[in-house]
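Two complexes follow with chain A in common, the first pairing it with chain B and the second with chain C.
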Partner chain A sequence: MVTKPETKFTRRGVLKTLAAGTGAIVATSALPGLSGFAQAQSSAPIKIGFQVHRTGIGAAYGRWYNRTTVAAVKRINDMGGINGRPVELVAEDDGTDPKRGAEVIEKFATQHNCDIAFGTLFSHVVYGSAPRAGELKLPYFVVSEGHHVASGKLNRYTLQPGITDVKSQVQAMAPFISNNLGKKVTMIFPDFAFGHDHRDFFTAAIEAQGGQVVESIAIPPTETSFSKYFPRIPRETEVIYHVMVGPAVLTFVKELGEFFGPNSPEIFGFIDSLEAVDLNSPGLEFLDGTYFWEGNPRHAQADQSSHDAAYRAAVGVDDSGASLEDAQDVSTYSHMFGCWETLNVIKRGMETANYQGPADRQKLIEAVEAMSDMPLSDDHPQGAKRFNGKTHQTFGHQYISKVSDGKLVVEHTTSIEDGLYPDEVDYTTQSF
Partner chain B sequence: MTDTQRSQGLHLGVIALLAAAFFILPTYHVGNLSRIMVLAIYAIGYNFLFGYTGLLSLGHALFFAAGMYGLGLSMELFDLSAAPALIVGLASALVVSAVIGFLALRTSGVSFMIVTLMFAQAGYLTILYFGSYTRGDEGFVIPQADRAMFGFDLSNDTTRYFAALLLFSICFLAVARLVQSPFGRTLIAIRENEERARMLGYNTVSHKLKAVIISGTISGLAGAAYALLFGYAGATFATVQYSIFPLLWVLLGGAGTTIGPLIGVIFMFYLIDLSSSITSAYMLIAGVVLVLLTLFAPQGLAGELRKRVFKWMP
Partner chain C sequence: MQAQPAQAHASEQALVLLLPTDLYILAGCAAVVASILGVALLSEARLLAAFKPLSLMRLKLPGSVTHMISIMSMTVLFAISAIGAFGTHDPLNNLFSLTIWTIWWVGLVLAHGILGNLWHALNPWTGLYHMLLGYQSAPPPLKLPRACGHWIAVLVFLGFGAFEIADPAPDDPVRLTKFVLGYWLFTFVGMMLFGARIWLSRCEPFTILFRLIAAISPMRWLPRLRIGLPGWSIFSLSKPPVSLAVFCLILLGVGSFDGLKESFWWLAKIGVNPLMFPGKSAIFWPSVIGLLALNAGLVCVFAAVIYVGTRAANAALAPNDRVGFTTAFCWLSLSIIPIALGYHFAHFFIYFLVNGQNALLALSDPLTHGANYLGLTKTQVTTGFLKTKDSVQVVFFIQAAAVVASHVVSVLIAHGLTARLYQSKRATLISQIPLAIFMILYTFFGLWLLATPRGM
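Presenting the complex of A and B:
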């Protein structure tokens, strides 16, 4: 392990020397950024910096992450807060941009004096922000589903305890696809990191099940028409696996339907393509009878748990996954539960660590690292979870749903074990 | 006091003010200034080409990204330490700007803008295409332990600030000197009237190519410095948005002024930062302010100051 060089000349050290020498302590301590958290009272709110995609490509996710987070914080406060202290959200827009994301983290730590940072979905924002969180020693709880945390690329201050990562999700799909849909798969994915993750993880997972990827079709992210790619789909294909995202997904589905007509292979997709999109939108009729991965079933199922019902009501989502106030405003139901569950993990972690202020940040991380099984409950309405403290990543159940008359009906629920893979890092060996 | 002495006083004063700001400002603004100084290097590079040579590029993100990935990939893939990686970053930006300059300078005016924009877009897509190495849009983190140079930990707030100040000061003073040299005066002559400069015997193509290379290399230095000081390299920095930013900074601060780039970056940074804490429609506020500034201060903040008050300003 490389030892970080020590810098003897620190800003705070210089300030202290100057102040002691000149009696200027009164003047310097009056500066807002230098006063630190010393005046924090035990009754003061616990401040959670919420990094949210209000603008940019992630805005649809951000809107629902915000609603879920606000609902979760309200519930926590209604139950008495954390360690007897109310929770206060400090939301800042990261613009779905890694540079702004890092700036926002800095703002949470040094201007708002937040206890922790939380939120955000898009992986590039997490990658851009995590180094600053680590340097500022600010616990950073992400709800991103990226493999970045478990891959070991980040740091001890970054954790993902509320949502399963993409590697686990993809791996858990392979047995169902291989056993029920077919063994010869053609993958269609966007030609950027998210798509490459699917290509790499699924190719390995389906081969482990005795299947194979017969063709991988990467679509450039700037593409607006897809018909020219479909002739590359081999005739032997039994299953098409698609993970297209972005505004062109409607065109993609429509053109895929026109290409195949009624005689298509089995089709399996990730709902990421259609989060915040009404399945009854014109052009999506072709999806009827196809399968989707769902992180959390958008439509309330016949065997809906009381926990999902309570969560749905608290966030303001109807049985079809849309806003109670506007049926056209479809939620990002497969991902946003991660905000709810992460906040409950933070609450439990702070209570276990008897968290009082920033001085207890390390104790908070150690308390979360010590967590393991999290049962299905109002705190975890999506399903039971198993947190791996070494990799800072949680693992949970995944849902495979079939589109039937514009409704997603769960056909199969994977076990937690389906998504487990060997550890790639042990963050607990890293120093704080 | 001569104008030259006044100019030198201004430049050294700005650097002294930035150094003093570290001890005076609250922590948050100190962190912001570190970032602002790195971005101001980028704006200085852009200003050299746009403000002094009169070439409007819409593809400078390519040079910024060349520096960023030159440094980042050499550390990620070849385990280079920070100092040689910084040199690789600079060399990458130099080579890329030389090639792009050689090709794009066959055009001028609107065509130059479009060609540079297209090259930058091609660069962005290249980063995505080689995602196995670059991690595409997601980018990659440069480990904290590797971000050290000459025994200094560049992830430390203090060293980061003074490293940014050092790089900024070098570029700031060098460009200020350069634009007052015969070479810089020739570039200004080309900006004002290229035909006339050519008629006077100057090889304008060669001068413009040198300007593109200098501008691109300074922009690349900013990209490499950003990756090194803030620990992240990603394709977002190669998008068209990051080609537009330096244009905005320079226009707001004052094109063809030495302190304009710094003023423009500070202004834009805090305009976004402050307005975003008021409303989620902060880009609307930013847009309105930009329109107003364009209407009432068309030469940018420093440009207007030079026009109305300090006529000696470089």
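Presenting the complex of A and C:
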């Protein structure tokens, strides 16, 4: 629910406002770049604490999350900022470390006086940081894909409005796989929570489609040679669903290709493990003909929307998903749109709530909770979204692409409904 | 659901695992074996002659100039400290963090391996020290006990290694500024209390490190420009004391653990799922203990190698011709320095290629105001060279070549140093057998570190 701000006019208040306004105009007139914001009640920037994986295992993603975020903020500022005020990013490196993540959240709230925190990708950092954000009553917008938000394990202050969660992604794959690739699936996954979640969610989803998981092969996380596991793949297998991650993932797909030769079953995987890898690189021919989930199609498709084109241009990415400055520098295209879209949700939320400062944080959360459908637009170039205010989680379209001559060609776009599942929490019932 | 989708994406490591690295490791070890056999056949006189440098022009660098450079260096340090303390909190945009880790720790150390001792002038202490105390300074108020040897430097360097390897946020600009300025003050107070020469040469690990690395560079500038085989100037050093010998070994130990700590093997040993790396905070103490254990282990193994070698060689020698264990240990520790430098290069090569770009961008826009003082045409950091199999292969070859070449240089230096200790060729060769095995195994270890999957 959105509450309208109460306005009380007192003589002292008016004088204070006038003084602040005059000061703000004087201040902004000295900064020509900010002159467009001078009409706002306060031209002080809205400070967004950007929790970014600059170092640690998330650094490769962090670099592109950073590029996308900087581009999105530039666009917002070019359009006049938020509520007439410029947006200032305050980036802090969390080292892709949960404990450090919580410290960074605290710095945003207490040292940098940020209005909100934003940007975290890796789930364990979200888990480590969200409780602190809740304690400090700092709205925390994550771009993580994890099911942690919608599962109800976090709090009222943590939201994921810009990217779908893995549970939804996995579930949405089942209809296409079942209808087009085959109904008898062998799952190969790393033997820990991440792989187990895929196993559990996909098994349920494919059974709901009349399909069947004929074998589940769990691979120890430290394994780097896979051929010995392949004889366990039943002959009747029509589709291999793999969610291998880590440095050995290319070895896995290569050995799988060598094991089956030209007569392999269909092979389906998640692009996460090949994010930012140039599929056109010599030596990766074995990926040809396999299918991947993509959060956002890396290669510009024949029916590319003007919104995707504008987004690519703003971030500096070419039609192959690589940096405009280096055609080999492939981006984390499947995920980074989440930063762009989340910032636009934050903008809309702050505008709806007439956000003026930290005192309006609750109003901001309520404004975002009140959101629902978001159409495909320059604000949402990946596709339309449907935000669930109760679970703080957005739902959207997913893409299933086939590797063809080193290019990811979209074969199917799922509907939003394919990824919906019953609510597991209602955060709006929690007090602030 | 604990999904961590991006937890271990396919980086250049995935492409490295597609390369026939077993063959490369074998080839690298074979090259070191060949160098050992080759040097065994070479006469010691020829080997030592090969290490004689070419003497070129005489150069003169007045103390005043050195001190001026030192004061400038200190001024730059303080200036960029302000950027560290008050500038952007993003360590990859902050010139201070990038200067300390990328330009200084990685870049300047490597530069010393090629250009010789630059730190002599570039250090940020001696200029101010001499400005305050003058050239004919009175004796320092305190005398560093002889027993201290270089042990303070050993401890400080291990502390530095722990900060780099185990600390959750060594790049954080504000924290790093505190550490660096604190260390600057610590060192300056040490110099004031115990005298600049004593403190810098025995207690300040980076002065010692730069001097040792410079000793294996082909160049020496003063008093005369001389160029020779890498390591030639090691032969002009005096015998290091035990504490300095241990320091040489921990240079390699810290670098080795820096590589090992990321391997699947190590992460499995400390009970961490490498595909779900929990962050450095969660493994702080295992990292510190691992660092100390590897260094202690390396010193013990090296001592055992030297002990076996000297014992075997001494067996057939007259008592007067025998070489003591300590003497051999101290001298041969110097032969480890090239390997330490080779590992430093191999370990940080990719880091330098990526963060070097960040450093360049930060130099061009030190205050992050959108300036481009250097007129750079590229505005974004790229890692494109890590995303194709061909370019990753080139990167791997360069790293592996550094490891192998450093071992070959070490073999040559070790043989030259041993030849000066023993009168007979036979004793020289016998004493070298354990060390040769150690070198081959360490080559294997170094190349394995490059090829093995990493989880952080």
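Definition applied: the second predicted complex is superposed on the first by the 389 of 432 C-alpha atoms of A that agree within 3 Å, B and C clash if a C-alpha of one lies under 4 Å from a C-alpha of the other, contacts with A are read in each partner's own complex, and residues count from 1 in each chain.
Here is the rule we go by: a residue touches a chain if its C-beta (ideal position, glycine included) is under 8 Å from a C-beta of that chain, and two chains touch if they have at least 3 such contacts.
Quantities reported herein were computed from a predicted structural model and do not represent experimental measurements.
Colleague: Looking at A:L154 after the superposition, I want to know if it touches chain B, chain C, both of them or none. Which is it: first, second, both, neither?
Modeller: A:L154 contacts chain B only, not chain C.
Colleague: Quick one: is A:T110 in contact with chain B, with chain C, with both, or with neither? Answer first, second, both or neither.
Modeller: first
Colleague: Taking the superposition on A as described, I'd like to know which of chain B and chain C A:G146 touches: first, second, both or neither.
Modeller: Once the two structures are laid over each other on A, A:G146 reaches both partners.
Colleague: Quick check for you: in the superposed arrangement, does A:P45 touch first (chain B), second (chain C), both or neither?
Modeller: neither
Colleague: One more residue to check, A:S323. First (chain B), second (chain C), both or neither?
Modeller: Only chain C is touched by A:S323; chain B is not.
Colleague: Contacts for A:R132 in the overlay, against chain B (first) and chain C (second): which applies, first, second, both or neither?
Modeller: first
Colleague: First (chain B), second (chain C), both or neither: which does A:T55 touch?
Modeller: A:T55: touches chain B and chain C.
Colleague: Which chain, chain B or chain C, ends up touching more residues of chain A in the combined arrangement?
Modeller: Comparing touch counts on chain A for chain B and chain C gives C.
Colleague: Just to be sure I follow: which residues of chain A are touched by chain B in one complex and then by chain C in the other one?
Modeller: 54-55, 92-93, 97-100, 107, 123-124, 128, 146, 148, 192-194, 221-222.
Colleague: If we count contacts the way the header does, which residues on chain A are in touch with chain C in the complex?
Modeller: Result: residues 52, 54-58, 60-61, 63, 66-67, 90-93, 95-100, 107, 112, 121-125, 128, 145-148, 151, 165-167, 190, 192-194, 197-198, 201, 221-222, 224, 245-251, 254, 270, 272-278, 281-284, 316, 322-323, 325-330, 332, 335 of chain A touch chain C.
Colleague: Going by the contact rule set out above, which residues of chain B touch chain A in the complex?
Modeller: Where chain B meets chain A, its residues are 22-32, 35, 125, 128-129, 131-132, 135-146, 148, 151-153, 155-159, 161, 230-232, 234-237, 272-273, 276-277, 280, 282-283.
Colleague: Inside the complex, what are the residues of chain C that reach chain A?
Modeller: 1-11, 13-18, 88-93, 168-169, 171-172, 264, 267-268, 273-282, 378-385, 387-391, 453-456
Colleague: Quick check: in the complex, which residue numbers of chain A touch chain B?
Modeller: The touching residues are 1-7, 9-11, 14-15, 18, 31-34, 54-55, 92-93, 97-100, 102-103, 106-107, 110-111, 123-124, 127-128, 130-132, 134-135, 146, 148, 153-155, 191-194, 196, 220-222.
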